[in-house]
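What follows is a single structure, written as structure tokens, with notes after it.
Order of writing sets the labels: A, B, C, D, E and F. Residues in every chain begin at 1.
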């Protein structure tokens, strides 16, 4: 069933999220510090048994120079420079198994799939620790370090993601002018953050993105993971305002305003995990060219493989065939 | 939590399923009729956008000559003859989207993924109708046509599967002596049936197979789809014995006895959909060489991608590299 | 709790369902074909042990001449001609056990209870097969054959229902001018279809009717069986429009417009299976005299036995005492 | 799924319930007091609209002379004396609507359906109050007055039931030597109590009876209403022994031992409300001739209408045709 | 998630509850009768093992003079007269264990915790019977005696509560001019009733109060215990109007209008048990000074210990330090 | 219902948990390092408004010298030395609100309630961070740092607990020879760890303790938090053995063997969170005098306030009145 406002009201909806004055300074300083702490990327070929794809185990410098894992998959023997797709992963998952997610490389792209620090134990494997601790929190990562914008978990994860793109840009096998970013759910939210923080991307495809419009998302659904925040605030009753203040620095709405690359979004009218109004909150203020796949009878699975297929066509329309 | 007998008792467990006297005659006649009704296979290339894999849309003659769809995926430009893997699909699903399931072709095999008649609307798409009707039934296909062995749904589906293997054997691009079958859940149950009905297979890998040991499976779990049968019998109270008589012709236990190809099974100690004793009921009487992946903390997902990886290694150990 | 629009808005609500140009031609042709294929009804007395009621096992010609079962119950030794009530059954059920549903015959009416093809395994027994197959579908009958209006399951079932009334009209024991139709839930939806397709009915009583206002019913509730359609469209994403086109030929809203017999509806403000607005969608455009029992604190059970009692009083007010 | 011990162990199972020394004195005194307080029965014809059955509204003297309602249904115009069936009702229900439960009267019997004091608001209507109060209790009637055998709710209800049979025996229209008792679930438990307390019954049919083998029933299932007792003891931790002492006076196991009329029981292997071992606890010690319908794939619905049909055949085998 | 109207609409919301003409006469007569039947309070010291608090077991005369239990807790050796807090308890609970709820006495107040007749078996212990019986009802106390205002359960319980305050006023150890009442959920609803019936209270603190605005509460949520009323009306379909008539005499909205003591309310925007609009229905018409704690991310737990802390500060602001 | 082996088998049950050779060395080294890093405790009086109890906000040095919060509650104006009770808290909670948990101080004891690092956001507040990070994990703390015994979360938390007791021993207001430890669920598991690691405790009372007998606990229940481990291993399939190796250093069974102080345990036969066999696994090998409260009809709430009352009596029986 429909779980949000009528579809006809979605295009005009605007989030009540604020845009902190020092938003750009905060992120500029955050990224600068991490860039300064970076060391050289390590890329090691993996014996996968695949005959059409080469798989590489990548370790790059993420937040504060901390090592972050990724898979790089390339068409067999490709030397490039190829157009690249950097992919981020959904909540609870990691970069997965080396034999999963063969689609983009099978389509001729360099495919860089970033691991998710401290997650990677829910529905897909991860190998990257989150070496920073936490104050009192509810289970999950939504309230890890939520005491301050400095310690919040997503400061580290979004920085990893920016650093992933910057790492890919330096690869000889990649055409730095043809890098797109892609992600589903949390991966879509990360893709939006990257779109707002990294200039010069070719294209962005956030599918059923999470992490958008916290003021509404936290009160319109009982679905997890948004509800982790509500659980926390139901106990930390005096933290409603401060937590809102922290989240403003991490809201996809604010990243969307700052983005300029062409974007293809998707959302579903029956998605109670990432309700369609919260996705439109980001989409409606997106700073670049934009289009939307609106799924009428789907929930959080959105368009599934069709979202992926459309993303590929969208990327090819911009960067050409791989 | 563990949902079945202690793991230590699994190796000695034997099903109470009977082996009907005319089991072999029933299936021989069934298959002969369908072979006689067959017409030529149609294979049409599909524009997929993939650069490392060729995808073909296949229509072959299944039960009673009825048209059944499949995808054939081959490494780009391969002419063969290649070793082949014929895959069957889990309950509710169909052959899926042309861009899904790239693994086996990316590993150098001819990959033939059969559609599932009348299903294909649950978690993956299908395109094959089941043009035969039904008597009174519960929702799903477990009791479709269960009035008699002649009209039971799985008579048609298992015949489709045998015909799929026979179709693949005739392809120029395939090495007929190196055909393996693979499937998960319902797909694993179909693979077992094929293993018992088709001589000369190279190898068989049924992962967390469904459709085994009906006498125990229907009373030891409340999980669907086995419970469809219990739902039916809770209303058709006078059909307990006749339905048991029909199911004996479709039980993986009886197919397993007749199989001879080397087999790799998997099962999970916490699987309440296909409990581990029901899988061992087939495994323990399997007629060929056999090995088992026993997952301790998994449910019906079993080994997931690791089951697939192991299956590939198992196939390669027998048929060599593709 | 209330599950739909405020009660005060129900009288003015109008469905967005369209009325296909060739709706009447489609149904006229459908019925004509089936009438042409009909053979003689068979009526056999049943040993029931009842001392006040005679029970007969009926086999009549339904869709395309296919045999459909029914129970005919008459007051003991009645020779008629009696007024008759033709009853249709709820989703998943069949004509039931010969000893069930004694009410209408105990009230002096000829009571004809039609079986439901291919259902009859959920909460009551059935004996009628649905010999036509299906394309890919979700479990249940809501998407069986939904590829086209020609193959859709309800084309066959509604035709059975029309043929049931036509069969009863020919019985010597029945007064053909005093035939009413009755049904609850799916049975109510069938009764509405019959009311729109069969002229000359004495009265119609659809209780908490199903199968009305598909455009709203499929998006306003997560209750089954309406959600079967949503499940199907969540996988068959490209079939949203075609499926809507098919359903327009089977919507109670369109049948209600064409009906002329006096009607007594019922609906409940807390019914999430057949929400009250969807019932009003048909009621508000009903072509004959109409009245409504609106239950304030009930769900899909509606008025229960009180709905039945009121229906009997309503029928008696029109056809007189039996 | 099976919810209790293996079916093969049921025949040998014996309850650990004790048989209090003064069980018979307790009940003799209880009944004597209530008989002494009785006043004349009132029987008023009801305008039902039925043409084959006469319905009467009965008010008789139950526990302590308190008025209890019932429906008496007779074949139209019958003057008797007829064989009679006294029916008791399941948990939460009452005597129901005057137009429900026409089966036994349609079969030629006098049918006396007793109301259930203070219930009658769950799934069927009741009209009889329970004018005695309660100590602290959990919702429902299982712990109402459980402080002592004197105040326990079922002392009053079982006395009502004995008095119902005694009332029916005095009716001119009934043959006092041909009275049977029938009930499903709680109604079956009441029937067992009556069988143990009233001599001279023709036959007894307790279907899926409740209120048997409290020592096991309260710990082997989480199903309500048995769990009401567990809920109470989870708070009243020091009342485990006293409550067990009270319940011994109301356990069907103890009534079954004292019964002598022929009995037909039913139970289901998948019934988690009244598990099959608890039914066998009473059945295995039943004092008269006994037989059992054992349903393999049913839950608490047991044999449904087939249980009723068998009960009628069983009664007719003893008392002859009505 | 938010479960009710937008927070911005709460201040202007008014209930549709009516105010019966003889409301005041009904309650005046009720209380007068019970006062006339009262006997002397009994207060017995309890050996608790506590070294800072004295605990007394109290038995006072409630409705119709019936004995009602309470705990009286006082700072060790206090002779008073102390300011007092009379507390009422939530649904299903009783006065609890003698060692629970030490907060108010540890703060220097005389703390009088009234038991709840016939409840006290859910989450906390009770010792007080409800010696009056019931007509047909659903499980719980919401429909106990709902046939008439005279027999309704809450007539007795509210009278107990008034009598509790009157009893405390007579204690030597208490300053009769400094008595406040407090309660959570059902306890808050009772506190509101007392505020409307007893003049001269120092202060009132109803936290997340239950029993307010029945016309809306019974249709806006499926949460229990409000739904007990809906369950009853779904069977007793002809009692919708009479039950509404009875409930008008027990609605917190009507008590709130008559109250004059300063009040501190609380409610939660995510409370589906006692939705915030129903609390505002009472709050918005409250007759005395009033303030509200509005919790944004809480459910029925409201402010928890913070509600208690604020209540104490509120009481101290009026009656001074204990 | 009963959720584990029959009660009669509990006394003889022994866990299969191993006892690592270097268990004692591991813990000795761990504690020594943390003691060496300790700085002076800070104790600050809190304005609570309570008149019978003094509340102090404590900050002491836990694992690796990291600051950990606690509440110290003392009878008003007590100068001591008093006997003390150190309490640990259940999963998800923290030290709570300063106004909660007044029982032990009201009984004359010094009550020291330790906060729980990184939790304290579920059902009670906490203020202590867990500044160490984590590898990939499932939500919650059960798999935080489970890669190695060095990094496992409970290494830090158990060390905090030992340090809490050592901190209390140094307080002037406390009699160091009369310190007991108490906890419920996770708090009981921590109490057991402390009992095994700290000599010279007066008494130990673990109520329904968690963290015992991991080999059985992780496979016998689907209840959280034990299932967090199963969730992790269902993805990290190759970590079954290593994780078991890590957990052996943190199992209450191994701590129980090493304990010597008298102990009072509790467990419930219907507890599916901490099943009774897992509690008996520790109890049956406990190294000191021991007794058990076995609750027959309770779940994880165990004896509730009665467990607390018994613990106090037990402590008083050993250390005398406070």
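Everything that follows uses one rule, which is that a residue touches a chain if its C-beta (ideal position, glycine included) is under 8 Å from a C-beta of that chain, and two chains touch if they have at least 3 such contacts.
Remember, it's a predicted structure, so these values are computed and weren't measured experimentally.
Visitor: What is the set of chains touching both subunit C and subunit E?
Guide: A, D
Visitor: On C-alpha atoms only, rotate subunit A onto subunit F and read off the angle in steps of 5 degrees.
Guide: Nearest-5 rotation angle for the superposition: 180 degrees.
Visitor: Could you find the chain whose CA centre sits the greatest distance from that of subunit C?
Guide: F
Visitor: Write down the chain pair in A-F, D-F or A-B that repeats the interface of C-E; the criterion is over half of the contact pairs matching by residue number.
Guide: Going through A-F, D-F or A-B one by one, only D-F repeats the C-E interface.
Visitor: Whole-Å distance, subunit B centre to subunit E centre, using C-alpha means?
Guide: Chain centroid spacing, subunit B to subunit E, equals 63 Å.
Visitor: If you average the CA atoms of subunit B and of subunit C, how many Å lie between those two points?
Guide: For subunit B versus subunit C, the centre distance works out to 39 Å.
Visitor: Report the inter-chain centroid distance for subunit A and subunit C in whole angstrom, where each centroid is the mean of the CA atoms.
Guide: Result: the chain centres lie 51 Å from each other.
Visitor: For subunit B, jot down the residues that touch at least 2 other chains.
Guide: Each of 306 in subunit B touches at least two other chains.
Visitor: Drawing the touching chains as a network, do you get a line, a ring, a star, a complete graph or other?
Guide: other
Visitor: If two chains touch, include that pair; go through all of them.
Guide: Every touching chain pair, ordered by label, is A-B, A-C, A-E, A-F, B-C, B-D, B-F, C-D, C-E, D-E, D-F, E-F.
Visitor: Over in the complex, which subunit F residues touch subunit B? Could you list them?
Guide: Checking each residue of subunit F against subunit B gives 218-222, 230, 233-234, 237, 240.
Visitor: What residues on subunit E touch subunit A, complex-wise?
Guide: Of all residues in subunit E, those touching subunit A are 1-2, 269-270, 295-299, 301, 303, 306.
Visitor: Tell me, which parts of subunit C touch subunit B in their complex?
Guide: 92, 94, 118-141, 143, 231-232, 235-236
Visitor: In the complex formed with subunit A, which residues of subunit B make contact?
Guide: Per the stated touch rule, the residues are 49-53, 75-76, 96-97, 99-100, 102-103, 105-108, 305-306, 308-309, 312-313, 316, 322.
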